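Have a look at this one.
Chain nomenclature is as follows: A, B, C, D and E, assigned in order of appearance, with residue numbering initiated at 1 for each chain independently.
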Amino acid sequence: MDITHWPVLSILILLPAIGAGLIFLIPWADDFFPRVLALLVAGVNLLLSLALFRAFNPASAGMQFAERRDWIPDLGAGYSLGVDGISLFMVLITTFMVFLALLSSWGEVERRPGLFSGFILLMEAGLLGIFLSMDLLLFYVFWEIMLVPMYFLIGLWGGENRRYATIKLIIYTMGGSLLMLVAILSLYFFHHAQTGTYTFDIVQLYETSIPAYALLPMGFAFFVAFAVKSPLVPFHTWLPDAHAEAPISGAVDITGLLIKTGAYAFLRFFLPLFPDFSASYAPLVVMLALLANLYGALIATVQDDIKRLIAYSSVSHVGLIILGIFVLNLQGIEGAILMMVSIALSSGALFIIVGMLHKRSRTKDISQMGGVWRDMPLMGGFFMFFTLASVGIPGLSNFVGEFLIFLGAFRVNVIYGVAASFVVVLTAAYLLWMFWRVMFGPAPERTRTWYDLSFMETVTLTIPAILVVLIGVYPKILLDRIEPSASALLVRAEKKLAQKEIPKNRLSVASCQITEDRELKTEK
Amino acid sequence: MLAADQYLMVGVVLFGIGVIGFLTRRNVIVLLMCIELMINGAGLAFVSFCRQTGSLDGQVFVLFAMVIAAVEIAVALSIVLLVFRNRATLDVDEMEVLKW
Amino acid sequence: MENLFFYIAAILAVASAGSVILQRKVMYSVLSLIVTLLAVAWMYAMLSAPFLAVVQVILYVGAIMVLFLFVVMMLKYEKTEIQRFRPGLLWCTGLLVAVFFLMKLIYVVNRASSLTPKVATVPPDFGSIKSLGGVLYTQYLLPVELTGILLLVAVVGVALLSGIKK
Amino acid sequence: MVEATGLFSKLWLVPALPLAGALFNCLLGRQVSNFVVSIVACGSIGLAAVLSLLLFNSFLKLPVEQRHIELCMYNWIPSGDFSAPIDLLLDPLSMVMITMVSGVSFLIHVYSVGYMSRDESFARYFFYLNLFVFFMLLLVLAGNFLVLYIGWEGVGTCSYLLISFLYHKQSAARAGLKAFVVTRFGDFFFTLGIMLVFVQFKSIYFGEVLPRAHEVLTPVMATWIALLIFGGAVGKSAQVPLHTWLPDAMEAPTPVSALIHAATMVTAGVYLVARCYPIFQLSPTAMSTVAVIGLLTAVISATIALVNNDIKRILAYSTVSQLGHMFIGLGVGAPAAAIFHLLTHAFAKALLFLGAGAVIHALHEEMDIRRMGALKGHIPATFWTFLVGALAMAGIPGLAGFFSKDAILEASFTNGGVLLWLIMVVTAGLTAFYCFRLFFNAFLGEKRWDPHVEEVHHPAPVMTIPLMLLAVLAAVGGYMGVPHALGGADRISSFLAPVFPPAHHTDGGGDSSRLGIMLMTVSSMVAMLGIILAYYFYVSPEGREAPGRLRQTLSGVYDFLSNGWYFDKIYQVVFVDRFMGAANFFWQAVDTSVLDMTVRGLAGLVLGGGEIVPRLQTGLVRWYALFMVAGAVVIMGYLYIF
Amino acid sequence: MEITFPAVNIDSTMPQLIVALFAILALLVEVFSRSPRMVFATCLVGLHIALIRSLMQWGRGIPYESSLLAVDGYTTFFNILFILIAMITMAISLSYVENTRVDGGKYYPLVLFATLGMMLLVSSMDLLMMFLSLELLSISMYMLVGSQRDKWVSTEAAIKYILTGAFASGFLLFGIALVYGATGTISFSKMESILGGLGGAGAIHELPLLQIGIALMMVGLGFKIAMVPFHMWAPDVYEGAPTPITGLLSTGSKIAVIALILRLFNNPFIQVSSQWVGILWVLAVLSMTLGNVAALLQKNVKRMLAYSSIAHVGYLLVAFIALSTRGMEAILLYSAFYAVMGLAAFGCIASLTRAGGGTTAGEGERLKAEDYTSLGYTQPVQAAILSICLLSLAGIPLTAGFIGKLYLFGAAVNAGFVGLAVIAVLNSAVSLYYYLGLMLRMYALPGRFAPMEEPVGSLFGKLVLLVLGVTIIALGIYPTPLVGVIKGAVTALSAL
């Protein structure tokens, strides 16, 4: 399939949007049809993204398959899409996880499954939009529109506390992103003041130099928006609620994707737009990220609600991703991207498993489980596999990302590396402890009725498992494509920093040569 | 010739008395009369300004204001009749079904 | 002399206006208002607006106040406020704010009047029916037409509200 | 470095075969019969073992300077200036290791077929076990630090999986978790070590790092790297203070204990230190640390083994103790001796564990040595092979353990001093004592079986044959390293010599030869003494009361020892409880209280502030008008403040 | 003395004339045919003709020599907008009027008269004209609000509205008097040149009569747009009024007055405007915050929308404060969007009314939030359109509301009012909660045994709503054509 001359990115976004529209327009149809339609659309999208992957030129750092049309010429806003090494895998993981989410929720949604699928498709369109937009306004559009299906997924199919969860989701994410809108507008006007053209085109906006007085508030607004979405401690408390209250595993998976948009936005927008802010405040952000990493792990340890546990583990992992981004070197950034992909897979699969457990046990309370292995060995095997993947066993996907992040952090500052890698011990502890409490131990009688995985469920879990191994064993497939874009990103940031003549004693970005002796002495 | 702004001041006071009455009385008809007071205060101001500036615009305005006042009062009184027919009251404080 | 006339008219206007809002019975308020309107008409006359003064008497006293009287008498609303009068919070605050507003207005207008030109010399037929008519039917023809529509609206509206069906 | 050619280009098959077996058992194990499973599992390992032997054969034919073969599979993690390919390294060290690992694994696999025959998770067991062998082989064949780390974590994972294999037992689950987390704690240091190596060398290849170590590293840096790497080894090889997981790991099925927790995985730490020996050599501090930790471990665990009554735990403590010996060997500059001891210990300990497995099997899962006895007549094959193992372990001259232990003893005498040697000799005596305490209690004396045991299970031939083969190895394995003092060639040392840079001490002069013989004599006598003491305590009628009396006299010491020097309890209080406390604090006090309350508080503020609005909306017209007037007043006031 | 009638340029005031004529014609039709539907048809025909006439006017420079009325791009834009608003109001009224026993024969002409008032208000170039048009608008609205004579709430709303409205008119009138006193003229253009000749804000400050006059005028006008603190009447009246009229109140009459204020501060009072920035800043913040917080707590959907419309006035003021071309564009754009969203939202509510609605509050109508539970499954069309409106009101992208807010906040940021913009976006975030909350309620999964409910609303009404919904989305996705139109209108205003 030669897709080089297609507007493939538009199709990727529009297809699920149209699919969702169709589903919403035919609410009276039987639920079977919309489900099939959704799965079909998601499947086609997945194939399309795979074709995109094949046609992607790994050597190029620039935007590929770019499309640009005027949208609101009055504002200089364009409908501008493109994909590079950073977003390519975000796109792939999105199409993949959406497909998986639909697959896994096939029998799980009892009421209005068609509507549910529609919202999932809408989410897909929004997510892909976020990852593909090359125009700040367009990005913002997708960024905000994403929330609506999310809100409904939790609000309609959620658990008892769903109201509270949705309120939190809205307050946090909307508050953050609307502040960002003001910052976007400021940036836009600054750019106009400097160049005389009104544009939201991200590549042009990269060149804007922001006056010193506005740097901090603007950077902060962007930062908060992305940090909330990521979510970075202390902006994270919406996530456990959102995760815990979304009973459908598919929805949770999508939440998992949603939070990747925060980290992605840091890479795509924050670093290039605010390299000076990033460089000067990187130590602070890194501290925050490390804190998040530790904090999430600590709190996950004492959770009794299995979904909250995994949610907090996401918080912890996200800390790691942010760390990777803000150590501002190639290993860190590549690691962060790999980590995003891996977490989407491993945590996503864990959530699917929890959903399967929930379907049988009707509980999320770990203390109500135990000894499940006896009756569900196959699920136990998958559960173990993905738990181990989350723990970061080499050969599985998470390890590669983790290690690169550690290495990146370690090269910048030994302390960062030490702190980050220490949390891995805790991660192992709480995840395996969870596994123990759920799967091991004497089995109560009622678990007898918990039948093992069906064929469909097995398939649902096998696909991510294969990917986890594939990425773990051969991450080069990803790294080769990420590297040109990631290094271009760093080079651009560095160039912009050089123009600004940031004092040399601040962190230098791409080349993080440290004198190890000195660093180690400080450690001593 | 007396300084026209003394008339103006009378207009201001009439207007003010209208406002005071509107805020303190409860009978709908009295409230409407207070509005008449306010309009008359404004009229007086207009006419005194006319005298000061020598243009006729103010007087024309007052003429129209009177018509408006008449129309407003007519409509208002018809609504008052409707109210009274429904609730047998003219106490404006008793018209509080619509709140919060 | 003119001063005296003014003061009489002014005192009459203000006093009867006060009476409008102080009377217990609506009927007395209506009558007080009539006095006010007449006093105002008097002042119009003194301010070189003879035509307005006439219209004031005819339109206001002759039409509007009659309407008031008519309604008051028709409704026979006997409950007076005084019987149930309690100077509640709303009443007190209202009075306070309104009085404050009045004082503020007086202060500012007073201050302003020292800045504007006092009196313009006007032609003798200033404010006469002829001069006014001249303006009305040339410059302000459109508003006059509009007033016609307004009156039509009032008629239609009253018909709508009173439920007049053909 | 030599490009892999000929047979060596098939080197990758050595780990790949077990992997293939593992995958087969993972994917199809539930569908096929146990027989197929066992054939695939044992067959794949067996092929790997045969291939190892063939490789060994070819390897020996290579000239010494060419005995360094690298086989790069593909570039695994390329990222900027960092690159970590999957590459395999075959040098004398890894050569002997793969041979030992594949060989012992094969035997234990065969044994397991019999041992696990009635387990319903038969396929799962062999999946784990094959996977373990794969990772272990990858570990020893690794050509760079990161590949080694894959194997390192992989074996840890498999260990975890196998420890918790009996999923219905809470104790097994707990032990698995403990093993994983404690070793992971060690790995934390190891990771840092790898990263520090990369930062220093801009490379993680053994072939590039190790030869350049003395050029690149400052002494301080060498110490740091060595200590960090050693941290990993401490965790994996269960050295004090991270040794507590290993005794608990005995929850695993016994063949697993034999393979993972005796012969192979736990020795990975020793292998690692030996592998990075050039770095350790640059730092005397690191060397002494290794030796001291090894010594502490050897002593502590030997004393604990004295009083323990669980047959497998005794062996586990013994393993820990012997690993301590190996580290002493590394620390005192005798890496070849350490590796030699690693090999002989692997044979002997695997044998002992498998024997213990047979005992346990015979007595229906009985593990307490106080409820055994008089098994000699019931399971003679086990009895005799166990005896060989115990003797080898005790260091009775002529058997494998003797040669290797004495090589270490001699090196520690020469390089570490008399005191070190003395302590080690005493420990050797203790070793002999507890080995035979176990042996006598289990096989001799009167029956103290659990009453419901009516008939012993006789081990099937698949179990006894591996025992016998291992017994042979334990008996003769030492002959690959007969010291010069005894007229041997010490072939193992010379074989390994290319891996280890020339040692400080001189090898076998006339003087040292005599000294060596003297040292050997002393240690053998101490070992004999231990055996005799054990016989007196547990077999001879006169001494039967002695252990009880001793226990009463030294009850404080006894409690101290039987609680394992209170390591577990201290860790529980100092780390686990604190950690849980902190976690609870962060959750309850910070997350749900402070952060959540901030949000709720903000929302409450908005809503609470909003409560004013209904009060304002009174429905009263005058009130509305009041607002208008008030608004006008305020605006006027703004424009003209009096 | 010879009286010469002025030459009124009929051509340029044609749309207004057509509306007036057809209103009167409709009254005649009512007298003779007695069929409300005929009246409806007449009015609609009139509106269409007026619309076509206005569209023909668009883009043509029309010379119009009068000090009373302006005819330019700005007025044409608003004329078209008001005619459209009127048409939508009529359309959503049709079944509502029949269901609630309102006298349609007088109702529809009054809507037209109100529209005429709006159109003239925007064109006014003179305080007298302004006052009269405003009164025409107000008086029509008073009666429309009270047109459901059977219902007490409607009557109460009417009396409240007329009392407070007349009170506000008093302020307006007195303010006009003072302004007239200060400047000596009631013509906008003369005022502009007089004030422009004074020389800056300092001199203006020495004209207390002018300042206070404008302040009192703003009280009157602020009342009409329901700006805090002159907003108190709005929720009550909005709730009591017939729902389509609520829509008209919250869109048409508001937009007309805002357009007027825009003209006032751009032409006659341009010298004063900078002084008002501070005041309007505070009022904007108050309007937004109070509106949103109150809507957050409100359980009655109509009142909720009333408060939300107060909040939207706040948003509009945000751009107003910018006092720039960009700000005006934003206001025009948002007004147009808001008209569609607001009318469609109230239209949905109106369309959910059952026939033979009762005489007490809310009977027969869906007012309480609980009434909307799972509406999406029983009344899919109305629920879907209402959802679109809510999303748009909330400013979710791909709806018109987002583009509008983008322009509004953009104008504020551009003018340096970043703080105000921040407050506005935070308010937007708060508002999401209740908009989406209602939406969530509408799509709450129905229980297994939820009672079935017949769909209500006429096909015609649903079609109209559908068109509105599609318009909201279409404008949200591709607003460019409208933006071009608005640029023209704003240029006309500035060029004046």
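Here is the rule we go by: a contact is a pair of C-beta atoms (placed from the backbone, for glycine too) under 8 Å apart; a residue touches a chain by one contact, two chains touch by 3 or more.
Quantities reported herein were computed from a predicted structural model and do not represent experimental measurements.
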Separation of subunit E from subunit B in steps, with touching chains one step apart: 1
Neighbouring chains common to subunit C and subunit E, by label: B, D
Selected interface, A-D versus B-C, where C-beta contact pairs are more numerous: B-C
Farthest chain (mean CA position) relative to subunit B: D
Chain whose averaged C-alpha position falls nearest the assembly-wide average: A
Farthest chain relative to subunit A (centres taken as mean CA coordinates): C
Centre distance in Å when subunit A and subunit B are each reduced to the mean of their C-alpha atoms: 65
Rounded Å distance between subunit D and subunit E, as computed from the means of their C-alpha atoms: 79
Chain centre separation in whole Å, for subunit E relative to subunit A (CA means): 43
Intercentroid distance (Cα basis), subunit D paired with subunit C, Å: 103
Junction residues of subunit D, two or more chains touched: 613-614, 617, 619-623, 625-626, 629-630, 632, 636, 640
Residues of subunit E engaged with two or more neighbouring chains: 128, 132, 135, 139, 142-143, 146, 149, 158-160, 163, 167, 171, 178, 181, 208, 212, 235-236
Set of subunit A residues in contact with two or more other chains: 167, 171
Chain pairs that touch, as defined at the top of this document: A-D, A-E, B-C, B-D, B-E, C-D, C-E, D-E
Residues on subunit D engaged by subunit A in the complex (per definition of touch): 74-80, 82, 121, 124, 146, 149-150, 153-154, 157, 160-161, 164, 167-170, 172-174, 176-177, 180-181, 184-185, 187-188, 191-192, 195-196, 198-200, 218, 220-221, 224, 579-580, 582-584, 586-587, 590-591, 595-596, 599, 602-603
Contacting residues of subunit D [partner subunit E, same complex]: 606-607, 609-611, 613-614, 616-617, 619, 621, 623-625, 627-628, 630-632, 635-636, 638-640
Residue ranges of subunit A in contact with subunit E within the complex: 24, 27-28, 70-75, 111-112, 115, 137, 140-142, 144-145, 147-148, 151-152, 155-157, 166-167, 170-171, 174-175, 178-179, 181-182, 185-186, 188-189, 217
Complex interface listing, subunit A residues touching subunit D: 167-168, 171-172, 234, 236-237, 295, 298-299, 301-303, 329-331, 334-335, 371, 373-374, 377, 380-381, 384, 388, 393-395, 399-400, 403-404, 406-407, 410-411, 417-418, 421-422, 424-426, 428-429, 432-433, 436, 439-443, 473-476, 479-480, 483, 487, 514, 516-517, 520
Parts of subunit B lying in touch with subunit C, wherever the complex brings them together: 1-10, 12-27, 29-30, 32-34, 36-37, 40, 43-44, 47-48, 50-54, 56-57, 59-60, 62-64, 66-71, 73-75, 77-82, 84, 89-91
